[in-house]
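Same chain, two partners: chain A is paired with chain B first, then with chain C.
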Partner chain A sequence: MSKHEIRAPMPGTFYRSPSPDAPAFKVDGDAVASGDTIGLIEVMKTFHEVSAGVDGKAIRFLLDNEEPIMAGQVIAEVEA
Partner chain B sequence: MAIKVVHHGLATTVQDLGRPGYFHLGIPVGGAMDRYALRAANLLVGNDEGAAGLEAVFIGPKLEFTEDGLVAVTGADMPAKVDGVAQPGWTAFKVKAGQTLTFDFLKSGARIYIAVSGGIDVPVALGSRSTYPIGALGGYKGRPLAAGDELPVGKGSLAAEGRSLREKFRRAPSMPVELRVLPGLYWHRVTEESQKNFFADEWKVANEADRMGYRFKGGRKLDFVEREQPFGAGSDPSNIVDSCYPYGSIQVPGGTEPIILHRDAVSGGGYFMVGTVISADMDLIGQLQPHTPTRFVEVTMEEALAARKARRAALDALHVALA
Partner chain C sequence: MTIRSLLVANRGEIAVRIVKAAKALGIRTVQVHSAADADMLAVRLADEAVDIGPPAAKKSYLNIEAVIAAARAAGVDAVHPGYGFLSENADFADAVEAAGLIFIGPKGDAIRLLGDKVAAREVAARAGVPTVPGSAGRVSSIDEARDGVAQAGFPIMIKAAAGGGGRGIRIAADMADLDRHFPQASSEALAAFGDGGLYLEKVIGKARHVEVQILGDGKNFIHCFERECSLQRRRQKVWEEAPSFLLPADVREKLCASAVALAREVKYSGAGTVEYLYDEDSREFYFIEVNTRIQVEHPVTEMVTGIDLVQEMIRVAGGAPLSVRQEDVALRGHAIECRINAEDPARGFMPAPGTVRRLVVPEGEGIRFDTMLYEGYTIPPFYDSLLGKLVVWAETRDACLDRLRSALRGLVIDGVATTVPLHLALAADDSVRRGDFHTRFLEGWLDEVFARQAQPKAEVA
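Here is the complex of A and B:
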């Protein structure tokens, strides 16, 4: 069992859910599959989906909804 | 020789030094946002400084080479890899036929410039190979690259392999970022207090920052001097009778969020402008990520001209270093 870090591919603003009223894509403790979307990053007037990129369980988010994010910053950790 | 686009990254476009001379017709100057970095990349691989290369923002593309080519990557710190092997930045390295060029995460800056020996040989449109996507003009079919595209490359030489630019020539924004501004024709429209605040406050790059303009947030709202709006100016005090927008001008719609117009900006409109970022500092803006703290620094015309002269000398020194 190893810890895997999911990093932001670009800077912008991070969103946990697809729209303000919708539930979060994933919550702490959820299992994720590689292709699962775990959040959105808004930059240059567009929203980009961030996928987990790894199969794992017990995701733990390191930043909140609507937080600014830099490229390469760790968004979440999963047990892969 | 061709380069196959396997993945386009986020927004990757063919850019050269731009197409000046048509702004009065509404066609923007275009070209690389960080022209210094593009020049350096071209000179490293033995091209003319104005050859067309690729500009990629935040995420690098994945490119497959059909023939051997010499490549240099400058601008932002985003390590290049050839078949997975890391390559130094600001250095000419070889990519052999069949090999794939990819990029690691962005470490600092915002835009990389990828020059290939021979240059990207797309057709010239109005004197430039720069892509202006909104006008579907220039570049590769007038648009950002997409997977499956095959980029034609001119005939180049591999002779400069290993050539590297010394550290002092690798230009990147200093932190905190300072952009020098010459107050403009409409400076009198805001109150004295707002004039002071504009230069005193710390601003941050907003998410709405692209080739057209860079928006900033976080400073105090500008207050306008009361006046009866002239005919044609609209009712908002930040409106003016339509005017020309210079490259680098800073408009502040509603007095709230300054927007610096950049290479793909519109050429005119009805927002007042506090002033203009001096030409010597425009390249730096292309390397700013969202949330970057930024200050505007007031300069006089004399200081702006001195900075332009210094910039000219720095470009000459770059040419000498890579001659």
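Here is the complex of A and C:
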């Protein structure tokens, strides 16, 4: 069973949902398609979508909502 | 009471500016910082530094309790809020006073009054300052909105009473648009600002953004002439000048007098800015809003008047009367400020945090660079993208543009993409040299002129 890592393309603050009151884009265990948005990164007051980049059966997040992240840091793992 | 120590409740280049102004007055400085800002320049320059919380602004720079606790622990006399963050938060100003400290700015009540855009329009009207045609006050229903339109006509802006800084604005071109946008605008305003109140203002087509610097000590009120800030992208200023060189002398006199009348109406204390739209064709100006803080672009005013606005606001907060009388304020020469942001103009202004590998700052007569940068500094991604402000002064505007071009060529910030290439292109542009622009000029120019220039070269900042 192979695992794929989704890494942050830029540094900033990671958000699990599109707005504070909205449900998370994905929760642990969800299946993902490559084009699915899995979170947002806020960098210098602008927001950028992060897509899964890979199809998989189950996603597992390594970061909580509103956590600071570095570029290249692993956001989540996806089971192929 | 004279201020002997102050807490800087901000970050970035303005924190550096405040620390330097305080030091020039012999005042002890205490700099707050988030966990992400421990190595910022203002921390290095200040006498002391206090960690006030995690990187997220709402847990640090926007956390009133944390800032007040830092001020108490450091035993300072006063708090300078800078711009942005808590600078126009009336509750913060009140909390500073309640802690027995001096807030360097106007009283909480004045911030509250002028921060409510509808109330501010009413204050302006009382002071005889022309306002943009629109609703008489808050509009609470679509029927009231329709009445407002009957007075002002389309296109019309639906604005949030608690908004500001270009946020919370929608434009309706006709009645169907108004019907559609009005309820959405109200719920958005409620979500964004905690106040669903709206008002209407007519869209002034090709207007300039002109603003007047005011100073008050609660008894005396003066202006330090105006700034021209029409070059904006997404309602954010990019390039500012002083004075607004095409403004006819009689209009300048009326404009500046109206700002002083407004300051007097609210017995203003501290530094502030009255913003206007100016319609060149009709030679009419219209009040937009008052900013009750020091502005990003204050240095251009300092360069043409010789007044240190940050020092003046600290002295006034300490109880001193204004150190200058109106008749002593004179315009000399021309100044231009370029906002140097960590954004890549060749890639849609994508933010570009990173590490500054090499920094070369141009020097010489009439050149000033207000910045947070030093070599080896890593720009954090959590805050806005302003890195510094290149401010250039010369005897005439033409000479100022020439000096600006050479200063921009001499400014080297290796390691991150910046807006320097944008400013080089603007400084070389014929429309800019003629002063032939308005508030919506820059976005069109970026698409039509700059996109063509930027492509073949693939600028490396």
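Keep in mind that, in the parts below, the second predicted complex is superposed on the first by the 80 of 80 C-alpha atoms of A that agree within 3 Å, B and C clash if a C-alpha of one lies under 4 Å from a C-alpha of the other, contacts with A are read in each partner's own complex, and residues count from 1 in each chain.
Rule of thumb we're sticking to: a residue touches a chain if its C-beta (ideal position, glycine included) is under 8 Å from a C-beta of that chain, and two chains touch if they have at least 3 such contacts.
Everything quoted here is computed from the prediction, not taken from an experiment.
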Which partner, chain B or chain C, touches more chain A residues: B
Partner chain(s) touched by A:44 [first = chain B, second = chain C, both, neither]: both
First, second, both or neither for A:72, with chain B first and chain C second: first
Partner chain in contact with A:13 - chain B first, chain C second, else both or neither: both
Interface residues of chain A shared between complexes with chain B and chain C: 10-13, 42-45, 68
For the chain B and chain A complex, residues of the former touching the latter: 10-11, 57-59, 105-107, 110, 207-210, 289-291
Footprint of chain B on chain A - complex, ascending: 7, 9-13, 42-45, 48, 68, 70-72
Complex interface listing, chain A residues touching chain C: 10-13, 42-46, 66, 68
Contacting residues of chain C [partner chain A, same complex]: 36, 54-56, 342-343, 351, 353, 380-385
